[in-house]
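Look for chain A in each of the two complexes below; its partner is chain B in the first and chain C in the second.
What follows is the complex of A and B.
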């Protein structure tokens, strides 16, 4: 009863100040929205990876795979069975369906593990399945509705059964059907090792020489690859959340100060500190749940609009299939509410503690909003120094992705905490240098306002720095990537034959019609414990002149052509810490010197290049379908038409260099579309923080402004000075944000990218972007300051007079 | 005895060491009686009022209200005591700015769990507030605000009313009106009143008068 009445009194404050309540709810909702939006995207992507890996039970079954990364013949499976090994064959590969690549998984249901066979047999939305229908011609295919839609135009496919247990972009069928679809007759990708193996089976070295046992993984390869991408998103979500919390902290602090008198009265009337604190906790809990629900709903909308872009990015960058539509997931709804509660608790902890300790006879007059004393500012400066020192130590001695993000965190937080102290010094200098009394008052009054505005300015600093840092990183990436594409995509035409026979005819036909035909042949294999690719490279001037080598030994091309050396991509070199001159072991007995390292942006996987001769010697069955064709650029369109006419190749099999470049650039832009969107939203939240701070401060400014007005300054002039003051602070913040943002960009390029993607990029500067951002910040601040200033210019003189009559 | 303070001492810590404010004050007040507490600025009047209201802790001595010894009570129990038996009227009115007049009037009574709507309406009428029940404190004059504060205190039917210069912020005419009303209503409610004031004219209207000088009863 007591708490209920106290709660009603506390809540009555918000009825009188609906704008303040709106600020609190919006701040917390936005913070929760961005955080839970990012979490929704991550949860959806991870669920897709889990579905994809669960198809083959990759998470709980060991496999036998060829040591050299190739496929194995059916005979090996039979030999292993005879040697006492209980295995089940799987044939995997990719086939084209429209513009998309579909993962084909062929299983042998009679030997497949129960769960896997069950998944193949379970009835979907179509007719009930039975084993004989699955096994006997024409067989059956199981796929999600989305994948089934992609496959409808393909000829010669067995009947399709839609199953929602299948992940998008993958189909499950009998191994015999998979052989036909993948054109890999009699081949097996891997053997699943079934539970309950016989103890008297022959050792693997005897039963299956050339095979290796791959233990079950705790997470799928694709989720490992994409971890860094999701970590980046999470970091952004967290940054936005922190910026949002600044608003909540400010609003709760302001409400506390405004209700000091009420607290004293309530305590005087017999409400204990405990009851009062409990009432305030209940009040905040209600707000957090309300704002959390709004935030999670908004987050859902944000995630739903960003997810198609993220799905395209993950597909383009990692080949990972993520559903483009969002499904309801209880865990992130709950997580969104929890984070809203947690955020409110963090933002309100200080106020609650003060309320708990507030003496009954404490002053009922509100102090300057969120006023911090000189000693508190010193403490804040010391904390900033400690964080910046920690950052320096982490840069000097730490390594790994988490450490890189810790560097970013300590850098941003340290700079933010240092801001009020730094501004105080600058404003003090301004005051010292001021000549006129009005100017002196202006600087002194701005300095006095610092405690009230510092939180909003810190939020603005965070948002501006993040914006400068990320846009510098993306801009540098874009510049480097475009130049790299020109080097890497040297051939004018890229052509893929339908089969080996056509490839042979194509080579002969092109011999006389082009300047050169450069084979692009590769096999997939394990490199440094990760899925990678081994390419064969032709000895041609195109590569010798254009290939983007970032480190090389003398005679590199001769050595590679002669089969004495390899080239590796930067990712492999950084991850394995190998340099030119080191030996690289590709398989037992296949060790070669590294003669050069090349940049390989957009690809997170390791890659190695050997001479074509060596590749075909090691992997005689390598697919020889793909070629780069050199010709004068002007003649390329005509030659494409001729090839199409002669060989009846479709648009996907015959591509002009410009098309691939455009596609690559599109994938690149999509990759950073999400980052850009989050960047803009973070900046918008910071703008809102400034707005609310100025608006609420304005109500407490009258005692400071009334004496100046009484001394002869017009309300209009005071309002103009208020605007100037806001602009000055925004300019100062932007000036500090520039070096912080550039340091952030450096950390992203030199630390995070290297750890997350395995490549290092040169840093480029884009002053025009900074100027634009600075103007945007000034405009946002001007807009934020306009309403309080306008109100001030129109305030009734009677209101100002009240300051002197003690009636306020 | 409604109020029995004996040998009460209180000091405040300052940079130069402890500053004694009350040096052994004795005070007794029976139910239904009115006592004025006067003294120069800094003599300890308000401090004594705060100690009696359980708003602050005394260093030595004892204070009993309606048989309950304040020194033995926890903060929680002191809060309960204030809620149930004490009403405080401040010079600064201390109304809840976000509640309107009628909600302010009812507030303490509801907190104490003994709201009597008839009594509240009666108080509102007697205090001349009936026409402004939906107004907020900021829309009232000082005299009107103090009448609401008095009404709020009496609506809870406290046994002891503590008033700290309740008319210190009002002009003489308004002050007389407010005081007349307060004394009349306190008398009718049967509560005891301890009133801190600088006004000797007002002090003479009380049943008893205690004058403090330098922290001692003069």
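What follows is the complex of A and C.
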């Protein structure tokens, strides 16, 4: 008998059970979809980062930057060139366009390394560079279509050339245009060091004192920063995939059991075990490819709908630009199919093994599949124990983001593996306490069913605890964040002057009309090898009373005001492992004691605060445009309209505290919108897993139910008991999920957040959320159990009688 | 020197680092919008004309030297500063339309080193000043040394990159020489022209630095100064240019502009040992390629028969190093040659458009 005929026979099963086929395809598709959707988002984001950093190809070139993090004058560039150095100047900065800030990159195309200017400006999809137009007034701007749209309203911009080589949110132009746009005449941000330098050139200390050589980076800053975010997404994708596999496992197992008779017939007709297995593998392969394709397509849809949210998150949180539109990438299409095949293989491995070993003449054992022996459960319990021990060790001795995720992984897996053992103990207790025979049967039968349901219950546990954990984290974060915003945004009005002259007038004008005018001046500089900010703060009660210090020395504000100490944000203190009392070196000869650490949510970059006097002494050219204005809150709106009238400032330059708060909260909500969406999807998949498992068991359990029915229990009553059983199991699972979820939340807050963002957050509990979630889980289970129960209540008595015949 | 570098500079500066699409030579024949155009009969004035002429589109300071080590080994050195204006005139800082490019080369019988550097005008990275004379780009310079006579009479020149460098002292033993009609050099039948003068009488002493170490050298050098705005006719596809130091003390400058249709346009100047120039009209000099070499996937003639019947000159010139290819943004061939036949001597050959 050929494999082809065997295959046809196998496939005939699905014609009889189209619902099962649907379940299998849907399960596998969903698993693949979430996984590949998450991968698609990650791939798109990474491609965006690569594009952004490739604008200058800085990954390959060393550069010279001022030691103090400021800019360098043109004369330094000329001196270096005359000393034998070969460099190319770059002026970079940010410019406002509407509510967005645009990265302006000014290059000097004549000295730029071969390939640099080409890569950035070369045709691609846009017109080739006309150097003459690029260099001579009014110059040219190169930007992506999206950036160009943002820039259309700005006055005094050179003609725009749309180039899809450019990443969103950045524009490329000649350095001469850039210094005009950024108002940094005669300044240079950094010098790219070209390959092939003369060995006899003057040493840097003589040719460019005050400059330091920065070696090329292997990875862009932004991709380092966002790593944690993507790891987060990946973890979610993996979780959904695992949950999806439970579904596939259930369906494949069910189909196996139902076709036992067919297998036996095929074997007795002469089909070898090998051929039968091959036929089955081919069948599965076909399903995997089909479901994989559907899954990848679905993943594309998921990714496309989530990407705008992800892009907003990454922009708000990290300032990283990610294109809002998805491009189709072959690599994740292929990866999606591979993962579908792999998943099917894992889910079907057990069934295939049994098929291989199936004795020809063994009588049908429809329950054999569902019965896991006591020893298997013991093995599971041991594995659970090992995983939980591993988790404890990782918490105790490990550190780093990957370890944190390993803690999460072993926690969830360990808890799920422990679940069946835990349940059988609870059920055994229930059985012991049961008084009536029916109750005893109920408990015993539930225990008996455990092995078949345990996988689905594990899926539910995973989904529920992930849900509790993540929502607790997000909730804690939200509570802390809003309280922190109230402290941090202490001034009632924030105003930015157009230029230094206006700023001066503004200060004088506000002097008599407000309680206080607090300068908010800062410079960008490298802090511990990362781009950060140095702020100068006035000595004012606002700070003394409200600033969110999480650690401080006595007399902290006097020391900072006197120029003897600094404040650092929590991110810097965690990253550099510095505490109050330690010395912080900002630049050679500028070391100060850390007198306090403040929380600084929503910002992954390091930050330092010194007294205003110190800032202006170190950086006399610091921009003095921003101010916070203190006034009685009730008078704020009136003052705002007065300022607007007097100084003709626009919406962006004159903001009320409430507006900023609203904006910050919006960014925050966007950040976790994606997390929420994934959460819901995972839970939905878990519900589906339970449904398939119950459906599987329902058909197999007739031999157990028939005797009870024969003894006089009505089908209705049996169905109700089935429903009750499902509810009981769901409640038990939810009860276990609660502590697991809280442990997860703790790990997310105390381990992952600290590693990923540099924030430590207090944990808040939200029992109302748990209750809602519990109800949702019960409802899902009830729905899942309803159809099998309803079927049972309607089953023809003849079917039940058949159990006692030999005809099954 | 002639129209040769015109295309070089236009191409090199307009097409950054060869990344962009070449527009072909045709672009050079365009009209000189807003730029000054050389006029017949305008006398050269020094030292003013040693400096930059911002109203003209293109200009160069072009030095070639034939040198020998103490062991008699031959070397060639090239130092060139090109100026190219995107628009006439100057401007402050980055906004100036003046662009600069430097080429430096060192040729030995078996090796040829090339370096290139570019700069914007207006910021001090490159430029030319007079009184005292100084032409520079980055750390490369051609600088007047104090002394009597013309500002170009005594010069120091240096350039180099990671592989090679040189530092030479030049002393003129003759006067400046005006090419063409007292400095007005015609480039085609249709009459396009440039201003062009030379200092071909330098004695040279100094050091060339090769990867294996420094070598003391002496020899002769030739400086060309030329500026123009509308250099090439649309049917001119390239040129062959020579500057020769004959053993009898006379010098010869000659070039032919190869045309896509018909005869090349030629021009030559016989420079007597006392510096008195005798300009020779189109057709007076003939240059016939004898031997070619393959370099950089092109076939380039590296041995020529040169005849100047009016001066009974009938010679062969042969490249010291046939592979003297200038692999710069816009590539061309430039290198030292030796002379045999009716006269002996050394010189430089430049060829473009191959």
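Just a few scattered comments:
What we mean here is this: the second predicted complex is superposed on the first by the 787 of 808 C-alpha atoms of A that agree within 3 Å, B and C clash if a C-alpha of one lies under 4 Å from a C-alpha of the other, contacts with A are read in each partner's own complex, and residues count from 1 in each chain.
Here, contacts are C-beta pairs under 8 Å (C-beta built on N, C-alpha and C of every residue); 3 or more make two chains touch, one makes a residue touch a chain.
Everything numeric in this text was worked out from a predicted model, so none of it was measured.
Judged by the touch definition given at the top, the superposed model places A:86 against chain C, while chain B stays out of reach.
Of the two partners chain B and chain C, it is C that touches the larger number of chain A residues. By the touch criterion defined above, A:270 reaches chain B but does not reach chain C. When the two structures are aligned on the shared chain, A:432 is found in touch with neither chain B nor chain C. Note for the complex: chain C touches chain A at residues 13-21, 86-87, 91, 93-95, 97, 99, 117-120, 123-125, 136, 138-139, 160-162, 165. Within the complex formed with chain A, the chain B residues making contact are 50, 53, 55-56, 75-76, 79-84, 86, 88, 90, 92, 94-99, 103, 107-108, 110-113, 136, 142, 156, 169. Interface residues of chain A facing chain B in the complex, by the touch rule stated above, are 1-2, 5-6, 9, 12-17, 261-262, 264-275, 360-361, 364, 806-807. Of all residues in chain A, only 74-75, 77-78, 81-84, 86, 108-112, 114-115, 117-118, 122-123, 128-129, 131-132, 135-137, 174-176, 179, 185-186, 196-201 touch chain C in the complex they form.
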